[in-house]
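Letters A, B, C and D mark the chains as written, and numbering starts fresh at 1 in each.
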Amino acid sequence: MSTGKSNELGVGMVGYAFMGAAHSQAWRTAPRFFDLPLVPRMRAVAGRDASAVRAAAERLGWDDAVVGWRDLLTRDDVGLVDVCTPGDAHAEIAVAALESGKHVMCEKPLANSVAEAETMVAAAEAAAARGVRAMVGFTYRRVPAIALARQLVEQGRIGQVRHVRAQYLQDWIADPQAPMSWRLDKQKAGSGALGDIGAHVVDLAQYVTGESLTGVSGLLETFVHERPEAASSSGLSGVADAGRTARVTVDDAAVFLGRLSGGGLASFEATRFAWGRKNAIRLEVNGSKGSLAFDFEDMNLLHFFDATEEAATAGFRRIVVTEPEHPYGGHWWPPGHGLGYEHAFTHQVVDLMGDLAAGRQPTPSFRDGLEVQRVLDAVERSAAAGGGWVPLP
Amino acid sequence: MSTGKSNELGVGMVGYAFMGAAHSQAWRTAPRFFDLPLVPRMRAVAGRDASAVRAAAERLGWDDAVVGWRDLLTRDDVGLVDVCTPGDAHAEIAVAALESGKHVMCEKPLANSVAEAETMVAAAEAAAARGVRAMVGFTYRRVPAIALARQLVEQGRIGQVRHVRAQYLQDWIADPQAPMSWRLDKQKAGSGALGDIGAHVVDLAQYVTGESLTGVSGLLETFVHERPEAASSSGLSGVADAGRTARVTVDDAAVFLGRLSGGGLASFEATRFAWGRKNAIRLEVNGSKGSLAFDFEDMNLLHFFDATEEAATAGFRRIVVTEPEHPYGGHWWPPGHGLGYEHAFTHQVVDLMGDLAAGRQPTPSFRDGLEVQRVLDAVERSAAAGGGWVPLP
Amino acid sequence: MSTGKSNELGVGMVGYAFMGAAHSQAWRTAPRFFDLPLVPRMRAVAGRDASAVRAAAERLGWDDAVVGWRDLLTRDDVGLVDVCTPGDAHAEIAVAALESGKHVMCEKPLANSVAEAETMVAAAEAAAARGVRAMVGFTYRRVPAIALARQLVEQGRIGQVRHVRAQYLQDWIADPQAPMSWRLDKQKAGSGALGDIGAHVVDLAQYVTGESLTGVSGLLETFVHERPEAASSSGLSGVADAGRTARVTVDDAAVFLGRLSGGGLASFEATRFAWGRKNAIRLEVNGSKGSLAFDFEDMNLLHFFDATEEAATAGFRRIVVTEPEHPYGGHWWPPGHGLGYEHAFTHQVVDLMGDLAAGRQPTPSFRDGLEVQRVLDAVERSAAAGGGWVPLP
Amino acid sequence: MSTGKSNELGVGMVGYAFMGAAHSQAWRTAPRFFDLPLVPRMRAVAGRDASAVRAAAERLGWDDAVVGWRDLLTRDDVGLVDVCTPGDAHAEIAVAALESGKHVMCEKPLANSVAEAETMVAAAEAAAARGVRAMVGFTYRRVPAIALARQLVEQGRIGQVRHVRAQYLQDWIADPQAPMSWRLDKQKAGSGALGDIGAHVVDLAQYVTGESLTGVSGLLETFVHERPEAASSSGLSGVADAGRTARVTVDDAAVFLGRLSGGGLASFEATRFAWGRKNAIRLEVNGSKGSLAFDFEDMNLLHFFDATEEAATAGFRRIVVTEPEHPYGGHWWPPGHGLGYEHAFTHQVVDLMGDLAAGRQPTPSFRDGLEVQRVLDAVERSAAAGGGWVPLP
């Protein structure tokens, strides 16, 4: 199904905003730093507006621009569809792409509802039987420090998990005059901080511990209900339009508790109202033999406490995760020459290309995405019912 | 009622373990660094075992040692009783002392149950009418950085409170071979991590924000149910006795959510199982105009983000809270010469002496202590019922 | 002189190791995130070994591979030569390229000696008269936090400079078994830690303060004189060859003092023997009105102390330099989504393209590079003479 | 010679300002937390002004107040004289006290000149032959994190020392309107930042490494030559007197380089002009097998990098130096309950009492103090000669 040279894979991308730019940089960069068994080719980007999509293709470096994502599905030179749209379009595009035999990379959250996500999982599992693969973009798994954290847990270095505390703190819209965005519109985005950023920390907690949540309770809150309309929609933030206002229909913040399948306690928070915290994805895991701590604002660092050490010299180790011995290490720069946000997207491409070439299921799968969706859904139901406990299957 | 010179106040202390040592240092030190309108005199310490209490009096610097706390109540040279026993004795001693006309300083948590705490509040309020005062020892309020945080909130520097995240993380008994202690015995301690250390962060959250919790939901967990008996009871930790084991009857860890009276969301955690975290009392408050962050492991620092600043130079300010302009500043050392754990106890004595001399109600009052007790009780009820929401009056 | 479309500039690169990879990523990435008035095209890479250079062209994304850098000078489709070789070849290539009418971007240090650097400056200034431009790659100037530091100094936010302390700490060869490299060979590299990494902190100190050094004194040291030969030369580190050893002919570490033209004191250190410090470029500047601090191991942060603030809330501000208001901000990702090492190279391309399009002299110029070279030379002379003071012109 | 009970030692203190308050707290506190073989008794404090010294005795808790330090030397109840005056009086008092058979604790720097220090060493060594002991107060050696650093070096945990970088940064007088003080008067203080705070980092560097400096080169600078007179002399800072000014006759800042006896390189800085740095005593040592780092602004932490660990999990360990296994640990509070500035003075008393009881020479000795003095003197000579190298014997 791949096209062009036998070791190439044509990619078509839908959407070209923030996520589209990040994905484009990854498709372009991966083969420059890694030996890929399957080399992606940036064939076409799809969008609604002809001139806008043409400009995007030029700016982001795609060979072609097409209006309407369906055209990607009939192209011979496209073997993979990369879905970077708002969440309300994920299910339709991903299912159609899989059914037409294209691999799919889909941004998170997988869908705006559990029902949609279930449909997508069904499509993905049917496609897998035909060798067509689907992956969801919980990209932070590929930050080297997070990948190292997962390795250390797998190796038993922190023992049995007792505690997870996971926070995703931003101040993106803490200013009540920050303008409206599709991310604040339930129709488009499904949910607010919970689905947009809370999804990441739920996935990270489950991924790093290798466990799943067995139940949750939580609270949601919208602090600012009315915002200025955006005069322009460019960028993540836009510019406020003086005259008109729009109604925010999603949560601004979410706090929730959970229990892990291994018996540990978990505490989560996702907010866009934490002044001064820019993109603070914090994960701390305490086990019976040690602890791990991470903060994305220092994304090249992992902190590791090894309780088996002698007490006099034990302490959290500040690991600069840039050594050749580290995940994805040795392909970039010498130690201490840190990576940035976009590199995790490149790692995602690298792993995906490896899995497709080997005929393996890439991770996180749509089923992993569905599991996150179920957690988010349970938090919403808990919050709607006043904060009570909601068990997960 | 004070004794000796008119500006002196005789103090009698009950209990002489960890808290007794901290209080003794404070009674001794306060008049050396602060001009006190009422000067404490360390008259007598009371305990059960005659030779042990005599040794404690000598070591901690008390004039006299008495067997049984009741003797303190009849001494003319004692005007204030300082209760440093395990929680199960707080109510009886404090009520009797107040009724006999002695001021009372009582360690936290106020009591082992809401009912006891209510009795104590009734006694305190009756005594107050006679000019006899009661105070509960939520000492961390007097860490300068915390006191500064409270000032900044009061001054409106962070605006309306949106979020509180408060954690008290220790690894005291993360090792399953750490021996049994009275702090792990429900009879003595009332509760475990929740009451011992969770109480502090509940008080800090309410104190710094100036708000109260209107409801909570939470989970408790005991990770290690059976521990070696302590061969000796000296110190906080003791030494394990090889042969015998004892049953832990309290929680090892607690996580809970709450809503603040002003509409904000709060998230709490208290655990003795966070390997590598020694005494990490972390408080972060995000408001509509700024944020504050504190970690007791760096107790001389307060971090403050002022959202009214221009974006290019805004950032969390690392305030070294040792300037003459800071709470309790200028009485100790030059800037940057940090204070330690015990200094907050000295500040507590300073403030108490000032309040008693002025005929003011010291804070936190027994009623403040009762409020914390009610929160802890609600968390326990939530946990017992599987994690559902429990409103607070 | 530029080729192809009128707003395009063909680039030819010499050398394709560590620096070549970083530059290639920058040439490729700059037009994707910035609107460039002049768009670079990656025409050809030059090297000595035909098959190696062909593989590099393929891997790094250059249209063509040529053997010998002189061929770049006669190509019509090359308007700029990017010199990424070891220092011993800089002068010859750069001068020849400038004389043949090609713009030059030259890696630092400008040359292996002051004499060579002077020749290069003469060539650059002669070329400038003909509109042909030369720039030296002190890339760290384009780390956003450093660029912000420069802005704040220029705006007078820290007042008159009193102190600079600048360190470049690595542990690259702290292990005596780390193999030989051209960077440890005086013939190739000119000097060791002093010229390779010390050059960066000298440039940063002068750039951020806007002042120059008026004299220095210093010490050099080689801790490990004999090392295993590298069995392979790939990567920065290589792999040790068991049998043979080679003699290290450069310094492993340098410490030096200096005076700034404005009267301040400066302290410098460059070492490859600081275990645990991976790429710790630390710059702290104290002025009469405030201070700045930076550490490349947290490259997205700048710390700023404003002494004009009220004492109670003054503190170093931890500025996350990722806002649209920050240098190079708004072109990449939302706030808090940090950049990495390679982004400064992209910014270098962006600024260079802007300067070339506008007919402006890019900075740092070869003369700036010569000034750094003179400082390094003075440090070497001081060290050779036992550490005495060496004035600078 | 000790007085009162056989296991008691009467102490007389000269001077009662900043250092007097710190020493008083230590004399008072040491026996409360440590089992001392010799228990200090605070017999008398001496000063020039009768009413001031009486008030000081009352405030600081001394039994008696005497006018003129000579009276202490004839008292039977005084066995040790504690010298807390400005440096110009150290030699006279210490020598006289030793000759009269009193042990001496003398604040640092030992003296205002090498000649005075040599006289003091001669007196101390003569006295030692008679069992009378002298010690100089480089108190920071007794900060637990520093003591742990020394232990780790002694145990070979960092191997051979390659680098020391030591800084003492304050902003005490960065404001040009900060008033005059005896510390800025060469007559009283001998030198400025160099002798007052630089002395500490020289001692720490030599103490922690166990090596001595074999030569130095350095620069001194006075940034503000004229200051307002202090209207009152209370406290470290005083209050400016509007009308009169006084001339600063000492250095405001010093930077210097040195070589260690083991071949390592050292870099030092001492300044009172580093805005935002309150009491930043920073020491970093890099050895052939690991590294250590300390900053007094986080005085309960030591950072340790162990290069013998596997690369994937190596990192600076943030050791919270409050465990029972740590120096002076277990006598104070549970882990994580940090100590403050004054505790090192208490440890100094503890060690001194142990040494006196055992008939051992306490450390640092006057000879250690002389060695520091010689380094400071060499720095001054280097600076006076324009920054050249000055070898040390």
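Note that in this section contacts are C-beta pairs under 8 Å (C-beta built on N, C-alpha and C of every residue); 3 or more make two chains touch, one makes a residue touch a chain.
It should be emphasised that the depicted structure is a prediction, and the values quoted were computed from it without experimental measurement.
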Same-interface partner of A-D, chosen from the options B-C, A-B or A-C, over half of the pairs matching: B-C
Of B-D and C-D, pair with higher C-beta contact tally: C-D
Separation of mean Cα positions, subunit D and subunit C [Å, integer]: 42
Where subunit B and subunit D are represented by their mean Cα positions, the distance between them in whole Å: 35
Overlap residues in subunit B, where contacts from two or more other chains coincide: 171, 277, 314-316, 320, 324
Subunit D partner contacts - residues on subunit B that touch it in the complex: 18, 21-22, 24-25, 28-29, 32-33, 59-61, 170-172, 235-237, 277-280, 296-300, 320, 322, 324, 330, 332-343
Contacting residues of subunit B [partner subunit A, same complex]: 158, 162-163, 165, 167, 169, 171, 174-176, 215, 217-219, 221, 223, 253, 255-257, 259, 263, 265-267, 269, 271, 273-277, 284, 286-291, 305, 307, 314-316, 386-389
Residues of subunit B that touch subunit C when the two form their complex: 148, 152, 157, 302-304, 306, 310-320, 323-326
